[in-house]
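Structure incoming, see below.
Chain lettering (A, B, C and D) follows the sequence in which the chains are written, and residue indices restart at 1 in each chain.
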Amino acid sequence: MPSFIGSALRGNFFLMLGLWWSIKYPIKYILLKLDSGNPHSHWIHSMDIIEGTMKAFFALGGILAEQLVPGGPHLSLYDSKAQDWVQLMSWPHMTMYLFYGFSGVADVLVHTSLKLPVGLDRLLLALALFAEGFLFHFHDYKDAALTEHLYHLMSIAVFGAALCASLEVFQRDHTLLELFRASLFILQGSWFWQIGFVLYPPWGGPGWKQEEHGNKNFLTMCFFWHYAIGLLVMADPWTVKSSQRPKEPEFVHRQLSGSHGQHD
Amino acid sequence: MPSFIGSALRGNFFLMLGLWWSIKYPIKYILLKLDSGNPHSHWIHSMDIIEGTMKAFFALGGILAEQLVPGGPHLSLYDSKAQDWVQLMSWPHMTMYLFYGFSGVADVLVHTSLKLPVGLDRLLLALALFAEGFLFHFHDYKDAALTEHLYHLMSIAVFGAALCASLEVFQRDHTLLELFRASLFILQGSWFWQIGFVLYPPWGGPGWKQEEHGNKNFLTMCFFWHYAIGLLVMADPWTVKSSQRPKEPEFVHRQLSGSHGQHD
Amino acid sequence: MPSFIGSALRGNFFLMLGLWWSIKYPIKYILLKLDSGNPHSHWIHSMDIIEGTMKAFFALGGILAEQLVPGGPHLSLYDSKAQDWVQLMSWPHMTMYLFYGFSGVADVLVHTSLKLPVGLDRLLLALALFAEGFLFHFHDYKDAALTEHLYHLMSIAVFGAALCASLEVFQRDHTLLELFRASLFILQGSWFWQIGFVLYPPWGGPGWKQEEHGNKNFLTMCFFWHYAIGLLVMADPWTVKSSQRPKEPEFVHRQLSGSHGQHD
Amino acid sequence: MPSFIGSALRGNFFLMLGLWWSIKYPIKYILLKLDSGNPHSHWIHSMDIIEGTMKAFFALGGILAEQLVPGGPHLSLYDSKAQDWVQLMSWPHMTMYLFYGFSGVADVLVHTSLKLPVGLDRLLLALALFAEGFLFHFHDYKDAALTEHLYHLMSIAVFGAALCASLEVFQRDHTLLELFRASLFILQGSWFWQIGFVLYPPWGGPGWKQEEHGNKNFLTMCFFWHYAIGLLVMADPWTVKSSQRPKEPEFVHRQLSGSHGQHD
């Protein structure tokens, strides 16, 4: 059953990031945009450094867990006795964590002393997501048609987030892009849990039947139900915040005049 | 024959939206851009709220219709007797309506009291379209080669509109994008009618032969004839409006100097 | 042998447009940008109207030729005797010309009295190209592997030009986009000639062997040799023009300061 | 063993360019952006001309080497005795070099006397990359599943760099795009070496087994390890430069106010 734990840990890594962002970015939006000053910039700045540190730390944890979990490869890559590669799915997942580790380090470096170009943090996040997406896209699942289908569905979330982070290199601090990215991380996180339940049920027994046609179609729908629930979860912080503020009629102006290019 | 009705209802949902937009956006263009004032902004603003309400209302109707139509799944998802999923094509279509419902709610919320970021309505429309597109892309049609071909052709319209709505997150009130989106909704609507006629002819009898090579090639062309007719229909409101106005020589200026970035 | 003539006519349609643009756009660039005035705007304006008229006229000619050429379908779509569609490749090509006809009409309308949004001409050109691309992408070539390969290669030029025209909706009068579009039209035109020579050799005899592996790989390279020659042809007008003008040291300035956003 | 040499030479061409850029662009960034003057513009300008000359020169060398290397085609394209094309992989690689040669010539012309539009050099680099990508994408590898996999992986780097260079047509001198392009050239270069080692081991013996499932999955990961190492190599020049400069507290400002559109 180690694989269920592995899948759940991966899910938690992405869920944690996504849920944190779904709280952080609405707060940042309220503080910076609507109050139209930046007395809070130092606070947000510190948050970003802590976030990067945590991301690098958990990525390192993920690398170690993938290797050292019972049933994992324990750093052996080639089994010379069996004349075959030892990899299961652990090595590709380790490689995935490696790039998220890079992204975490870049988050910290961009905000500290080095004079790196702004946007490098978003670029490395995009690279981590593209690397993850292509790793699973080019993986050969042999006859495991359902496993392949599950990872292909996930690649919608992964490549979507990768494109979103790439856009953020050019359009930094764009609230909608930040929220969209958060929603896709939540989706990816909950989908890793779903993968765990489908392929390695924690209550024992074999996984769902790989070759059954109905399973494939049900899971396609299920993926979008995950996303629908994720969107509802993300709507919560907004209801809290907006109930604290008086209504103002400024929305007409926002809507019809200052909206081209939309940088607010 | 329930499936013909289902397909026609879906077609009407998209046709209605597309045809309404093909009237609304030319009027908005004339009022706001050429008269270069915004005394009409409140009127357009109200239209948007009504449109969002209608969209959410019809999406709810669509969800109920997909479930409760004779021959539909009636909310049962798994048939434990037959040990198989109960889904036909109703559950994915219901999921599709669910996301359009979200989009309708977002339309209303963005224009009312909550201080949500501008562009959220377009983002949720894009998400609804992407969800629809991927739902049918990842659906396994088994041996129904013609059904698959019909839905793959439709995905051109769906993903096209999704990309268009995504661009509108950044370039709001861009008349050409709004018209392009309208044209693709009309195409999608009329194509759902075509799917109904091809797969479940209302005059009874079986659908067209799934495996016949000629059917596939004819329907590919037919899809673009639908679009050609849709474009001609969309041209009508413009002829009405432009005949009411005097000719002015300002087009030379518009064409050659102020055209970069093209926000007018 | 009618098909060789059809393919050559299609080739000429695109070659004509591409070669005309490869002369027109350098002249426009020199006149408008470097002389930094627009006394020539009326001249360019008239050119655009004539170009649109010609495009619509030739598209109409193409539609008639595809139908009425000996061996063409002569407007019959379904052969009730043989119980099969009458289409060969003529009907899809006719549909292709139809959309280029729309594009030609839009070119004229945008520049004359109707107050249509700027960029509509580029949008309809993009639609014509996308329609062409998808028509051949979704066509089922059955066992004709080489025919499929030839049209798939062409779709690089078609979709490339479609993306280019889409960008021009937002970045009008961008010289590099205009030249890139011209180069892809020249490529498409010369490739239609190549298709004619490969599938229906004008000196009689059967076309190249469909199933031969080497043919496929040779034609892939050959496609890019066509493009290389097209680029060399396009370079000619520039050498003529630049030799007439004195050298100035302003390029350093252009290169390093005013280059962001690059509108000149 | 000639193929190992060919693959290594190709690798060196891309490695050389990538490594040179990974030094050049950080220096340009420090000189032009942080010192906020352009006394060094002439120096950078000369570098670009030398770079273009070298690129054209090495591309010409590559063309000759592909043709004249022992075992190469020696300019013969069709073997009339065997009634088959003589191409192996040399002719497509020669075509690839041809487009890089064009790109080198454009680099020089844009910076010298001809009044060509700014960005033409980036456009021709993008075209060279797209040509390379499609050449290997549309190549038919027959039964050589591993060879196909190796080139498909490389196409991530090639198309990624092509998109990056296309963006640079519009966003010139954007440091992050320049560094991203450099990283993908390093990846492509080291991957050509890997291809050499896998398919034609220099210590003799046959290449890796084409049909083995594990080889495919290992090499997918391996591709991303190459990229990870490339990123680490690229980080070095930054550590050298930043250690020479005093720390300043300006990053808070860069981060939170002047970051939209991100041109610095």
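Basically, a contact is a pair of C-beta atoms (placed from the backbone, for glycine too) under 8 Å apart; a residue touches a chain by one contact, two chains touch by 3 or more.
Per UniProt, the chains are A, B, C, D = Transmembrane protein 45B.
Computed from a predicted structure; not experimentally measured.
Participant: Could you give the fewest steps needed to travel from subunit B (Transmembrane protein 45B) to subunit D (Transmembrane protein 45B) through chains in contact?
Facilitator: Contact-graph shortest path, subunit B (Transmembrane protein 45B) to subunit D (Transmembrane protein 45B), evaluates to 2.
Participant: Would you kindly state whether over half or under half of the residue numbers at the subunit C (Transmembrane protein 45B)/subunit D (Transmembrane protein 45B) interface are used by both copies, giving same or different?
Facilitator: The interface is built from different residue numbers on each side, given that under half of them are used by both copies.
Participant: How many angstrom lie between the CA centroids of subunit A (Transmembrane protein 45B) and subunit C (Transmembrane protein 45B), rounded to a whole number?
Facilitator: One centre to the other, that is 42 Å.
Participant: Could you grab the centroid distance between subunit A (Transmembrane protein 45B) and subunit D (Transmembrane protein 45B)? Build each centroid from C-alpha atoms only and quote it in angstrom.
Facilitator: Distance between chain centres, rounded to whole Å: 29 Å.
Participant: Two-or-more-chain contact residues of subunit B (Transmembrane protein 45B), please, as numbers and ranges.
Facilitator: If we look for residues of subunit B (Transmembrane protein 45B) contacting two or more partner chains, we find 171.
Participant: Touching pairs of chains, all of them, please.
Facilitator: Chain pairs that touch: A-B, A-D, B-C, C-D.
Participant: Help me check something: in the complex, which residues belonging to subunit A (Transmembrane protein 45B) touch subunit D (Transmembrane protein 45B)?
Facilitator: Residues 32, 38, 41-42, 44-45, 77, 84-85, 87, 91-92, 95, 98-99, 102, 111-120, 123, 127, 130-131, 134-135, 138-140, 142, 169-173, 263.
Participant: Which of the residues in subunit D (Transmembrane protein 45B) come into contact with subunit A (Transmembrane protein 45B) in the complex?
Facilitator: Interface residues on subunit D (Transmembrane protein 45B), with respect to subunit A (Transmembrane protein 45B): 29-30, 34, 149, 152-153, 156, 160, 171, 175-176, 179-180, 213-218, 220-221, 224-225, 227-228, 231, 238, 242, 245, 247, 251-252, 254-257, 259-262, 264.
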